[in-house]
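Chain lettering (A, B and C) follows the sequence in which the chains are written, and residue indices restart at 1 in each chain.
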Amino acid sequence: MTSVASRAWSSLFVIGAAVVYVFLYAPLVVTAVFSFNNSDIQTLPFSGFTTVWYEDLANDVQMREALLYSFKVAALSVALAATLGTVLALILDRVAIRGKGVLSAAVVVPAVLPGMVLALSLLMMFRYIGVSPGFTTIVVGHMSFIAPIVMFLILSRLRQLDPSLEQASMDCGAGRLRTFWHVTLPSIRVTVIAACLLGFTLSFDEITVTFFLSGVQPTLPVHVWTLLRFGFTPEVNAVFTLIAAVSLVLIVLAAVLLSGWRPHRRNAPTSAPPIEQPAQTNVLALTYERTP
Amino acid sequence: MSAASEWSGGAIEEPLGERAKAAGIRVGLASPALLWVLLIVLIPNAIMLLYSFWTNGLGTIIQEFTTKNYSQALQSNVVRALLQRTFLIAVAASLIATAIAYPLAYLIVRRAGRYKLPLALLVVVPLWVSYLMRVFAWKIILGEKGVLNGLLQQAGVIDHPIKALLYSKVTVILTLTYVAVPYVFLSIFTALERLPTALYDAAGDCGASEWSTFRDIIWPLSRPAAVIGFAIAFVITFGDYVTPALVGGLQGTMLGSIILQEFGTANNWPLGAAIAMVILVVSFVFLGAVSLLARTEAVID
Amino acid sequence: MSPDVGSPVGDLVPPDRVSRSGRSVVELVGVSKVYPNTRDAAVADVTLTVEEGEFFALLGPSGSGKTTTLRMIAGFERPTVGCVRLAGRDVTKLPPYKRDVNTVFQNYALFPHMRVADNVAYPLKFRSVGKAETASRVSEALDRVGMTGFERRLPHQLSGGQRQRVALARALISRPALVLLDEPLGALDLKLRQSMQLMLKRLQREVGITFVYVTHDQGEALAMSDRLAVMHDGRIHQTGAPDEVYFRPKTTFVASFIGKTNLVDAERDATGAVRAGGLALRLATTPAAEQFKVSIRPESILLAEAAEGAANTFDGIVRETIFLGSERELIVEVSGQTLLAKAASNVVLEAGTPIRVGWPAEACVVVVDPAEQAP
């Protein structure tokens, strides 16, 4: 018999869980709601619906410049991080050298260090070698924590691959480079794309590292950060809501890619070996390395 | 070294004389990784260490070795108090986040049935919303004219807005907890999810109630993940300066805020570097200690 | 159980044979299980009784509902309808930890963080057994399964067969009235499986505990069990002793799933004469149904002189012979029917040779297809 006490416990747990979900979503809902509130002051009761903050946003030159700058930073750092991450993953997966355990731990250090420490160490290095803060420093900063994440995702993909595919290719007389190009790369392509989408949202939202490494022109989060501290307007709510919406779309896209979904296959299903294995936990793994 | 080929796929034995050459090729192939570690990890941190032993003279850096920054930082009451407070805030927020995330993950894994994955994803989704937004939203909620005060006033619970909601240690802990919950959840959820359900059945079969099953089987097997989640939360919260700056006020200042100051208005990089080194060392020592709790002999296959 | 209610297969389940001890350890009465969000029942209207001290096998192909049935006995699943009794007591709603039953799981389910001795001792923790007694019972249980000396190992340091033995020791240590085993040998290789079969059978006899043993391997079920129930699509098609189920199958499924058999379509006319295509068959009893199948085991088909004088004798032609080492299989064509028969391996018969075949009336077993009879 289920006792009354255990039922009571169960419902207590369920209520607790509901409270946690409210806790998790209340801030997001509040921000989104206030981005449509017709008042300068963030307070109840609502004074009416407006899209004026979004219109302000569209006319805000500084905001637009910051947005564009963030795009440039994200695009370049993700391109670099994707290349580097792939190379690092291939090295850690295939090259047998002494002290590989230490090497693989050392490679991911920038992603697990407190963001501020990474930023400061890079900042001081740049100052030491005489590079002044700006585009280059931000890109290097972003690349340093995105590349290990890309590497992590690709490495787990490489470890799922069937080694006999590559061996078969080499048996057929293909060299290592051609094997890599025709066999290995196509089978990790989807993972690389998903990792890029993930990296893009990470770069786009980054503040801790960026703040120390940016020069005169701020990225979007740095610009907003300044606004938050000196001269807040509900425009910020609007820009947050927009960024959140875009990030969510990108992330859903990355998750869908990682879980192996395809719109259609051009090849006959029998001729193509399964290239991506669906793995639900991958979707969660996406978020694993994300530190602010 | 016994590996015969630089590609782990191959297994052809090479003559002795070739070995040195092969090892050379392997190091060559690995050189991007070595360069990465050198340029992004070793050199920057070495330079930071170097800076922390230099001094600041009126905005320029005097490159002479001294431990003055460390003695200044560690003897300063402000820094000591902040270090202690930052540590306590980070531990408190990480502990509370773990205490929230664990039961939630357990409940979802055990009771959510086919809604398991959607419900789990729903916990993680906030990570994809701008970090600044997540922190700043609490200012809107907890401010003197904020949403919570507004709701309470409308409901007639209070007459005058409560000021103490914002700008306090508790606010900082609350916000950092909020930031940390999804990470801790992720770590615990994936671990619980990996445990075969047969283990729950087997324990019940042996006569263990749900509570005994949890205490004897599930907790020992998922403790490492809880500890790792706690550690991730600690690293995130310990070095944070955004949260204290937005919702902390004077009461909620943390070590990160001081560093921000030393690199900003105070323009004392060496001192800032020394404090950053302290943060680095404290987090590594703490994480090392905590990782002892995560050790386990169990292998789940 | 009245024969005119319940499912079509339920009708076919015979009244239980006279039990060896007369006391039932497990009774399932009209048990069905429909999993949430599924359409078909995983287990449909199962009624069975397991007697004390029996080695009872649940045999059926994958997906036939064996595991679900076992889990309802253990208490991990609750029947959608029906009643589970253990030692005469209704336990339908009791959680597993309140039932005097232990299970050996398909993948062993040893606790990965506990050493062998702690795994085995775990059930005693909830039965207020003192330290000294726990220690002696653990070593006794490990001794029984031949795992003495492995006390300090962790599960991942053991081979599959060794893990299985530990799981068995854990299931036996609290001396339950009943042990359930879900394909316990499924993950082991053939050789190991055979030696484990012997060990399990010996062990069951020694400890005298009732075993309910799930398997999809008919050879295993026939060799090990005192009685077995054959399941298909969630229903029990037949319950009985191995020889009874083998020689007197009730349904086409049982006849074809267990061993090799000849299944021929047959019909009975108003006079009671049975014809299968061109063959006039003589049966020991007159079947009730008009349309049915007749199962004739290959080894009951007699050849050449031996066939003379049998109730059914026909002239046929050898179509093919297959040498199997210890014996030879013959495919014989008789009036358009193809029959499988067996001969000694030293008998040499060319394809195309005429041959006389015959079998006694008792060798014809009338079987029905419950799916066709369903309303």
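Definition applied: a contact is a pair of C-beta atoms (placed from the backbone, for glycine too) under 8 Å apart; a residue touches a chain by one contact, two chains touch by 3 or more.
This one's a predicted model, so the numbers in the text were calculated from it and none came from an experiment.
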More contacting C-beta pairs: A-B or B-C? A-B
By CA centroid distance, what chain is farthest from subunit A? C
Can you work out the whole-Å distance between the CA centroids of subunit B and subunit C? 56
Mean-CA-position distance for subunit B and subunit A (Å): 17
Subunit B to subunit C touching residues, read off their complex: 113-114, 196, 198-199, 201-209, 212, 216-217, 220-221, 296-301
In their shared complex, at which residues does subunit A touch subunit B? 6, 10, 13-14, 16-17, 20-21, 23-28, 30-31, 34, 41-45, 84, 87-88, 91-98, 103, 106-107, 109-110, 112-118, 120-125, 127-128, 140, 144, 147, 163, 166-167, 176, 201, 205, 207-208, 212, 221, 224-225, 228-229, 236, 240, 243-244, 247-248, 251, 280-281, 283-285, 287-288, 290-292
Using the touch rule from the top, collect the residues of subunit C that touch subunit B in their complex. 36-37, 71, 74-76, 95-97, 101-103, 105-107, 109-113, 122-123, 125-127, 154-156, 170-171, 174
Subunit B to subunit A touching residues, read off their complex: 1, 3, 5-9, 23, 26-27, 29-30, 32-34, 36-37, 40-41, 43-45, 47-48, 51, 100, 103-104, 107-108, 111, 117, 120-134, 136-138, 140-141, 143, 145-147, 150-151, 154, 178-179, 181-183, 186, 189-190, 193, 210, 232, 235-236, 238-242, 245-246, 256, 259, 263, 269, 272-273, 276, 279-280, 283
